[in-house]
Structure formats: structure tokens, C-alpha cells
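The two complexes that follow have chain A in common; it is paired with chain B in the first and with chain C in the second.
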Partner chain A sequence: MLDEYQRKQRFLQQVNPTLKLISILLVIVFMIMVFDPWTPLVLLLITLSVLSVFGGVSVRFLMLVLLPFSLFAFSFVWINVVFPDERGETVLFSIAGLPVAKENLLTGISLGLRSLVFASWSLLFILTTEPSKLMLSLIQNCKLPPRFGYGMMAAYRFLPLFRKELQQIRAAHRIRGLGEPRSLKEKLRQTKRYMIPLMASAIRKSERVAVAMESKGFDGSRERSFYRVVPWTKFDLIFSVGFLTLLGTLLFVRNHLLV
Partner chain B sequence: MSQIKIDDLTVRYPFQNADILTNINVDIEKGENILILGPSGGGKSTLAFTLNGLIPNSFDVETSGRVLIDKQPVTDIGLREMSQQIGILFQDPETQFCMETVEEEVLFGLENLQYSKKDMEKRMLDSLTFVGLQNWRSSRIHELSGGMKQKLGIACILAMDPDVLILDEPTANLDPASTTEMFALFERISRQFNKTIILIEHKLDQVLSTIDRVLVLNRHGKLMADATPRAVFENDYDQLTKEGVWVPQLVQYAKQLEKKGIKWPAMPLTFTEWQQAWQALGLPEPTEEERHLTEEEEGVSREPILQINNVSFSYKNRTVLEEVKLSVQKGDFLAIVGPNGAGKSTLSQMLIGLLQPEHGEIVIDGVSYEKLRSEALMRQIGFVFQNPEHQFIADSVEEELAYGFKVQGWKEADWKPYVNELLDTFQLTEQAAQNPFSLSQGQKRRLSVATMLTNDQEILILDEPTFGQDQENTEALMALLKDWHARGKTIIMITHDMDLVYQYADHVALLQSGKVAYHGHPSIFFQRSHLLKKASIQRPLSYELQPWVHAVQKVGV
Partner chain C sequence: MNQGKSLNLREIVVMSSISVVFGILYLGWIFFGQFMQGITGPVGWGLLTGFWIMAGIICAYIIRKPGVAFAAQLIAAGTEILVGSVNAGVVLLLGVTQGIGAELAFALFLYRSYKLPVLMLAGMFGTFANFITTYVVYGYSQYSSLVIGLMLATMLISGAVLAGWGSKKVADSLSQTGVLDNFALGKLHRKQRVERHVANQD
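Moving on to the complex of A and B:
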């Protein structure tokens, strides 16, 4: 699923990964300055539309992924309403004797939506960026030493292997009569039992990969050529202009029209 | 002038009190095809890794002596330059790649060598085409089969075009069909390019025809033989077997007949040579009757212990098993064979209750699985996984074996004798206090089988237990299973190794496209040419040679 989205040839997939990373940082900075619930709501809706129109990600899939984040967001609303720092004056209604103030409700919604904005931007990055392209971009555009870039790439390749191995270990342990853990202590012991074979194999695997990489002439230095160059293109320009316009407009509308 | 010169090389790993390689002296000429043999853990890979300086540069070892490539000491050559001189294909297909796709992986090496984009493109396409992966260019590596991964490994090396190729047990983790393809690929490489090939391999019968020279290491890391394959297997045969070095099966049979009086004009190394020598000796070829010799010992009807009744299963939309019917009798040694993806593992996981059939049922000893709790099932069936490490749950070998008893609430005084007996049977007494993870490959394998027998289970199921194991360990394991079988236990083994099927199993079931295509005696199974061809199974050498041995026994020499 992830692969399919990352490999689509849509607009967002062609934007430079470094630029997408920078844009996430800017969104975070921007959101720090905002306390009303409307700005994050508008930004969230725009982000999701952009992701589905220019990234080719299905809305259904987005909603499914955002569902757990929504629960998290709702907890902000709940906490602010039930345990506010300072209870607001405009009491709207009360739940089981607890007065619910408009001010607290709005703060809660604002915080909740803010966390959803972060989640949506993370999704935008993850769903439209191939890991190898990200690595190349970090090496070529951000001067990350190839030693780390390719090392990370090799580690990333192992993730599906580890998942498969964990499944096998689970099955093997079940056959030896180990049931599901009931208490926290049992759970900890089970984790330890899973970790040892996984660690043993991880160490062995990483050693072997390192040797294999060296035998192919990799010495970690910057002296190498690149078949695939991650360039700066017109897509990056369009993305930057669009992104800055969006933030600027939001800021303007918020400061001049909403007050 | 020799291309590679090993000059009085000695290597010792830290915390070991013996050298792994002792005073090795070898000269290798350009274009030679060399096979390195030796007992497991006997320094074969170590020797190969010293050739490109990985040892001592990347490993913490003590060395003396030196290795020269074109008169230059390998320790003075940088990684980059070295990779253009020597390329290595490793044993494990999973751990020699660092990129996501086929194309990126081939390019990785070329980028290290700073080729221009145009050169990279050409080299990548040429090498992928050579190994037959041109249509998989943008596939993800983890989606490839083991055989294809090893082909990709070859393509990566060929693209970088080194003068020397080291192949370190490249087929150890491959099934027979992929192994044959790999060997064909090596033959093409040695014919088309004038490259020096250094091969470490256990499956000898298929490779000997391309080998010019054999180096044999003994248990003490000394070079014990250095000659042509024929000379080595003819003259040093007894010494080789004494050192635990695997010799070709064909040579084993030839030596066996030699003892019965046959005087080979020259030691045969291939089946064709065997047939030619036979004619030259004027011996009668085995008749069709002997070829179709069967050792039927059926007739004694025994009770079925395991019945698989019309079992079906599918993953998502793909049907894996379709109305599978199979009945296993008490005391059977059943081998389940079939191509990859035919449903062997799925079926075995159902037999242990990890998966439930969608339709049909499995009956053990007259009781349906659905009515059994998993503990009750475990008491009757032991299951050995492919990777022994996955099964380990305790901190010592003894604890590992005692676990099954402890779960049932046994006291130490009660389980101790049983555990000691198991330790003894599986030759693990000396390792009783060690951590299971610190054992050798063969010891781990034996322990994983032993842990599955602590309840005196009637049925033992093994999922490719000899996968990735060397000959010595394979033989030790099979001897144990044979012994267990002789005690009247039922054994079900999934395997790709047809020699094992022929030599040990008394029943074979062929799974193909989710159905049982054959179930019966192995020697009848191997007569069915059409069936074998459809399943792309090759007759084992032991089956092919058996009638010749019989012919000699009957006629005498």
C-alpha cells in the first residue's frame, strides 16, 4: 500500500524530499503561533485535499489512517474541558454536573486540530516520498555523509525481514506451549524472549551487510557518482510558491478578517 | 606470473587457542577455476576473505604471512580498487544487499567506482541481461525468490567486472531447481569470461566438470591437498572422509564398487564418465528390471495416525490447498515434496494447529483437531522449524530441554533423567550449561529437534530441517531421525533434497498446485518420469546409481 503511493508519478511525489521536510518544519512553527480552531481546521482540510488531488492518495485510506489520530485529538478536547487550567466564563452546558465553558472547548478543539495538522503533514511526507529518494536527497542536497545515508538504507531494507522473523518466532514459541501473556510481568518476559533471537539475527545481519557493502567498494566517502540525481525542478518552485501563499493567506485572513 | 600469491599465511581468531589457517602457500593463475573444500568451520570462508583483504582489514584477527595480488600486498589496496580486482558472492541471499530495488543495487557498486551515468546504464543492463533479470529491473529485492537474489548478486559483481570471483557457498540456501540454474550460470561465466573463479561449495556432483583444481583444508587449517579434482578424489579419498570433508556422491559409489573388485580406468567424476568407464570395463549395464527395482514392503496394514480429509485453504484470493486428501500410517517416514508455493508449509502449519482449514478436517488418532485443545495436540505432535534459533526460549541447553517437563509440573528429580538421556542421544551433554545461542549450527539444529521430543510425541514434523546445514550436520540429523523412526515413531519431513527422500523416507507425497499429485513409495515415485518432469524434480544420484550397484552384486566382477 505504502509502496504504491510512494511510487506514483503525481505532483507531490516529484517534489524534492528535502523541500517537503522543510515545509513540515515551517508548518510546526506556523502552528505554534495559532490558537484559534479555525486556522488549523482550514489548513487540515486543504492539506488533505492537496494530498488526495496532487498525491493520488484515496480519501478513504486517509480517513482510515487518521482515525486513531482523531481519538488522540479528541483527548485534547476532553482534557481541556474537564481539567482546564482556568475555567472559562461562558458556560455552554454541563455534563454530569461539570460545567463546560466555551473558552476551554475552543482551546481543546484548537489543540486537537493542531495535532491532526501535524499528523496530516507527516502523512503527506511519508505517503509521497520513496525512502531511497529521501536518502539520496539528504546526501545530495543536505550534505549527509553517504556512510549514514546508505547505512540507513540497508537498515530500512531489514524491516520486512524482521516482521517475518517475529511472526515465525511467535509461532515457534506458541508451539512450545507458551500462551498469551496475562500479567505485565509475563508480558515483559515474553518481550525479552522475542528480543534475544531478533537481536542475535540483527547483529549477524548487519555485520554481513557491512562486509558485503565493503566488498562492493563502498568506503563511506563522498567520492562517488550518482546514477539518480534528485534535482530542484519546477515542481519545487510551484510547491514553494503554493505553500507560502497558503500560509500567508491564512495568516492574513486570520489577522485582518477574523478578529 | 601468478595472479594471486598466498605466502605462508596464518590466521587466528581472537579468544581461540588454535589457528584457523596454518602456513598456507598457494599460487593462483589467472583464469583458473578453483574449488576449496574442508570440514565445516574449517577456515574455507576465512581463506576466501583473506584474498581481498576483508581479513584482516574488517575483522579483528591475528595474521602472519601475506597475500599478494599482482605482486601487491592486499592490505595496501583500498576498498575501491580491491572491488575491481575481486568480487564476492555470499552465502545468504538476504544479507548482501543494501538498496530497495534490483536496479539500485547494481548501481550501488558502480556508483562506488564513480562511473558516468552512461557507463553505469550499459554495465547494469548488460549484467542483468546476462543473468536473466532484465525484466526485473525495477522490482523490489525482497519480492524476488532466493535463486533470483543470488543471480542479482552475480549481476552486481559482473557489472563491476573484477578479475576474480569468489563464490562462498552460493547455493547453500537455495532449492534444487535454483541450484541447478546457478551452476549453469557459473559455467557460462567461466566459458565466456577469462575470470578466475574461486568456489566454496558442498554440492559437488554438479560442479566438478568446470573445476580445474581443488584445494583441501583439514581440521587444523593446513592445506592438505592441492591438485586436479580427479587426482584429489582418487588419491586422498580415505583422508578426505576421515577429515569430514564431503566428497562427491558419485565418487562414493565408485569407491564402494572398487572395494568389490571393480578397477576403474580413471576415477569417474560425472555420470557420463561412469557410463563410459562401465563400457570400457566390459561390464553388463543394468537391465530395465534392475532399474525398476522396487523395495515394496507394504502389505502390512497399519492404523492411520493422521488423516487429512479434503482440506482446503486460501490466502486472500489465492487458493493454496484444494481438497487435499492424505492418510499417514503409524510409523511412516513421510517426505512431503513439491515446488515452492505448492502449499507444503501451509499444510504443515495446519498439522500443528497454527492455521485452521477452511474446509475439511484433520483427524489425529481418531479425534478431530477441532475437538482438541492446543496443549493436547502438542503432546502428540512435535514441530521443528526451519530456523532453530526461533524456537529457543531458555538461557541454557538443559533448561531448554527441561522446559516441556516443567510446564507439565514435573519435579526436577523426575525430569532430570529424561533430560540427561536426551542430552546424551543428541550429543549435547558437554554443552548442557551453555546458552543455546552460543552453539554451533549443527548443535543448534540437534537441540531444536530434541526440545520437540520431550513429551515423547508420536509424530514429529520437520520443515526443511537440513536447509542451510552442511553435509556432516545433515548426516548426523538424519541418523537421529532414522533412530527415532526405528522406535516406531511417525516422521513427516518437508524437504527439497531428493537424495534424503530416496535414502530415508518410506513414503513420499508430492504437493503440486495445492493438490496431492502422488502419494506412495519413493522408488516408485522416482520411476514416474512424467510426474517428475511436471514438478521439475530431478532424480537423485543415489537413485540413478542404485541399479548399477545391484548389477555388480548380482553378477560379480
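Moving on to the complex of A and C:
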């Protein structure tokens, strides 16, 4: 599902992963200063449309992913209405004797939308970035020590194995007569029963992989050649210019036209 | 064995795979947490936060070298992102700050002590870092101080109990299986076993 989008050859997929990562952090820094509902709303809509136009992600899929996240976003609204720092002056209506002020409602909506902006921008990163390309970019462009980079990639490759292993452990336990849990306490005990063997086998596997890597001559030094090079391209330039213009325009409109 | 302070490849891969396992669990925990926060607000969320420090503390407790807690937290956060967290930016930021928090506690004891109180302190530092980060990023300054205070208190409790005590429990039971015999924790446990054995013979 994920890699179907990650492998598409659209504009966003060609942008350097490191650059996209930096842009996420910049969006967070930018949004920290914002408390009105309009800026996040505009940024949210722009992000989603950029993602579907330049990333080739279907709008329906985006909505499907963001839907459960909006519950989290909504919690910001109600917490702000019920427990505000300073209750606003303009009371709109009241729920069960609690006055709901316009100011608090707006701040709540702003914070909720802010979390949705973070989510949409993160989707932009995840849906357009192949994991191994990200790792290679971190090693080549960010000077991450190869020993860490390749070590992490090796561990990441275990992921599909873990699922198989979990099924195996479950089957093994069932054969020995340990049934399905009924109470919450049993469920907790079962989790522990699964976790320890799963992690033990993960540790064993990683030790073997590490030994294998070293025996094939991997010494983790920086002087090495790469099968796949992640270069800086013109897409990165276009992306940076577009991104900075977007933030700049939003900042300008906010400061000069809205006040 | 390499007694130096820098990590060897074996330790890096093992640390990564433990963190990858926890990265997936972290992600599941987020959905659970968001569900709880949607219902109970930030306080119920607070009690769950300790779980997100476990990877760092377990790895530091097992490998006992500088930088492990930080690196493990970062890898776990990275896994969450690669597996598909809808909140990648904040997750990454939290990975960094929580890692620094937990690492700080171990650094305070010059990476010499990994006893339960130190682990609990690391957990509390970690959740405190989480608190500061979410406070700034999600604009918690807009909430009343009562809610914020309650949230901080629950987070610190969770950091001590879930992250500190819980991590020690998990790592100790892992060590019993024998897979950690090549690591600092496994060696320590083996030494203790031998000493007990010798003492019994006398």
C-alpha cells in the first residue's frame, strides 16, 4: 500500500528525502507561532492538494488516513472549550451549564487544525519517500556514520520476519494448550509471553547479521562506494523555492492583511 | 571483547532491532493513546507516555555505553515514521527530545550506574522532555494550569513506573533467556550467577 505510492515517479518522489525532512521541521517551527484558525486551514488545504497533484496520492486515500486522526484533533477543541487558560468574553452558547466562548473555540479549532497540518505534512513525507532512499540520503547527504545507517537498514529488513515469527510463537503456544485470553489480566500476561521470545529471536538474528556483515568486509568506514547515489537535483531547488514562497506568503498575508 | 566506549556493529544492529520492535509498538500505542486522549483529555494520555521511553532505557540498560539511550529513541522514532506514522514530524522531534532526556539521566551518573532508581530517573527525564515538547508544539499554554499540572504529574509517574521499572523487568527477563550473554547486562548477570554458585559451595 505504502510502497505503491513511494515508488511512483512523480515530482515529490524525486525530491531529496533529507530536504523533505527539513521542511517538516520548518513547518512545525512555523506553526508553533500560530494561534488563529485560518493559517492552519489554508496550509492544510494547500498541503493536501500539493500531495495529490504532485505526489499522485488519491484524495480518498488521504481522507481515509486523516479521519481517525481528526478524533485526536477534535480533542484539542473540546479541551480548550472546557479547560481554557483564560475564558474568553464573547459567550456563544453553553453546554450543560458551561459557557462556550468564541475566543476559546477559535483557539481550540486552531490547535486542532495545527495537528492536522502536522499530520498532512507527515503524510507528504511518508507517502513519497522510500525507506532505503531515506537511509542512503542520510548517509550520503547528512554524514550519518555508515555503521549506523546500514545497521539500521539491516534491522528494518527484519520487520516482515517479525510478523511471521509472531504467528509461529502463537501457534507454538496454542499447541501446548495455552488458549486465547479472556480477561484483561490474561491478555497482559499473553503479551509478555509473546514479547520476550519475539525480542530474544530478534536479538539472536541481529547478532548473526552483524557477524555476517563484518565477515564480508563491512567495516563501517566512510570511504565506500554506493550502488545507489542520492544526488541533489533541480527538483530539490524547485521544492525549496516553492516551500519557502508558501511560508513567506502565509507570513506576509497574516501580518499585513489580516490585522 | 571490545571494552571501548564506542559501539561495535553487533551492538548497533541489536540496538536497532530492539528499537525497531519498539517503534512498531510505539505506533500502536499512539493509536491507543489518541483514543484515550479523545475521551479523557491530556491526563489519561499522561499515564501512557512512559511507554515511549522504553526502547531507550532497555537498550541503555543492556549495552551500558554512552549515547545508546539517545540513539535507540531516535531509531524507534525513525521506525514509526518508516512504518507510516501520520505524525512523522512531531514523532521525530519527540524522539530527539525524549532521547536527550533519558540520556541525560545516565550521563549524570557518568554511565556507571544502571540501578533501578537511575532507570526511573531516566524515565522521568524522558517523559518530562516529552511534556516540554508537546507543550510547545501543540500549544498547551492555552489550557488551564490545573490540567497542565495534572498532566505533568501523571507523566512523571508513568515515566518512573512504566519506563523505569517496566524496562528493567523486560530486559531482565530477556537476559534470562541467554541471548544477552555477549552484552554488558548478560555478562553482569552471568558473573552474579557464578558468584552465587561459588558462595553456595563454600
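Rule of thumb we're sticking to: the second predicted complex is superposed on the first by the 240 of 259 C-alpha atoms of A that agree within 3 Å, B and C clash if a C-alpha of one lies under 4 Å from a C-alpha of the other, contacts with A are read in each partner's own complex, and residues count from 1 in each chain.
Heads up, the rule we're going with is that contacts are C-beta pairs under 8 Å (C-beta built on N, C-alpha and C of every residue); 3 or more make two chains touch, one makes a residue touch a chain.
Predicted, not measured: the structure shown is a model, and the values here were computed from it.
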Task: Assess the superposed three-chain arrangement around chain A: do chain B and chain C clash, or do they fit?
output: fit
Task: Please indicate which partner A:F252 is in contact with in the superposed arrangement: first for chain B, second for chain C, both, or neither.
output: neither
Task: Mind working out whether A:R176 is in touch with chain B, chain C, both or neither, as first, second, both or neither?
output: first
Query: Counting only touches as set out at the top, which of chain B and chain C does A:A154 meet: first, second, both, neither?
result: both
Task: May I ask you to decide whether A:I196 touches chain B, chain C, both, or neither, giving the answer as first, second, both or neither?
output: both
- prompt: How wide is the angle at chain A between chain B and chain C, using CA centres, rounded to the nearest 10°?
  reply: 70
Message: Applying the document's definition of touch, where does A:F226 land relative to chain B and chain C: first, second, both, or neither?
response: first
- request: Using the superposition on chain A described above, determine whether A:L134 touches chain B (first), chain C (second), both, or neither.
  value: second
Most chain A residues touched (candidates chain B, chain C): C
- request: Could you say whether A:I32 touches chain B, chain C, both of them, or neither, answering first, second, both or neither?
  value: second
- request: With the two complexes superposed on chain A, say which partner A:M213 touches: chain B (first), chain C (second), both, or neither.
  value: both
Query: What is the contact status of A:E165 with respect to chain B (first) and chain C (second): first, second, both, or neither?
result: first
Message: Can you report the least C-alpha distance between chain B and chain C in the superposed arrangement, rounded to whole Å?
response: 6
- request: Touching chain B in one complex and chain C in the other: list those residues of chain A.
  value: 131, 154, 156, 196-197, 200, 204-205, 209-211, 213-214, 218
- prompt: What residues of chain B sit close enough to touch chain A in their complex?
  reply: 52, 54, 58, 78-80, 82-84, 86-88, 90, 92, 94-101, 104, 107-117, 120-121, 140-142, 156, 160, 349, 352, 354, 374-375, 378, 383, 385, 387, 389-393, 403-404, 407, 437, 451
- prompt: Inside the complex, what are the residues of chain A that reach chain C?
  reply: 2, 21, 24-25, 27-28, 32, 35, 65-66, 68-69, 71-72, 74-76, 78-80, 83-85, 107-108, 110-111, 114-115, 118-119, 121-123, 125-126, 131, 134, 147-148, 151-152, 154-156, 158-159, 162, 192, 195-200, 202-207, 209-211, 213-214, 218, 220
Statement: Contacts from chain C onto chain A in the complex sit at residues 7, 9-10, 12-21, 24, 31, 34-35, 37-38, 41-42, 71, 75, 78-79, 81-93, 136-139, 141-147, 170, 173-174, 177, 179-180, 182
- prompt: Which of the residues in chain A end up touching chain B in this complex?
  reply: 3, 130-132, 150, 153-154, 156-157, 160-161, 165, 168-169, 171-178, 193, 196-197, 200-201, 204-205, 208-219, 223-228
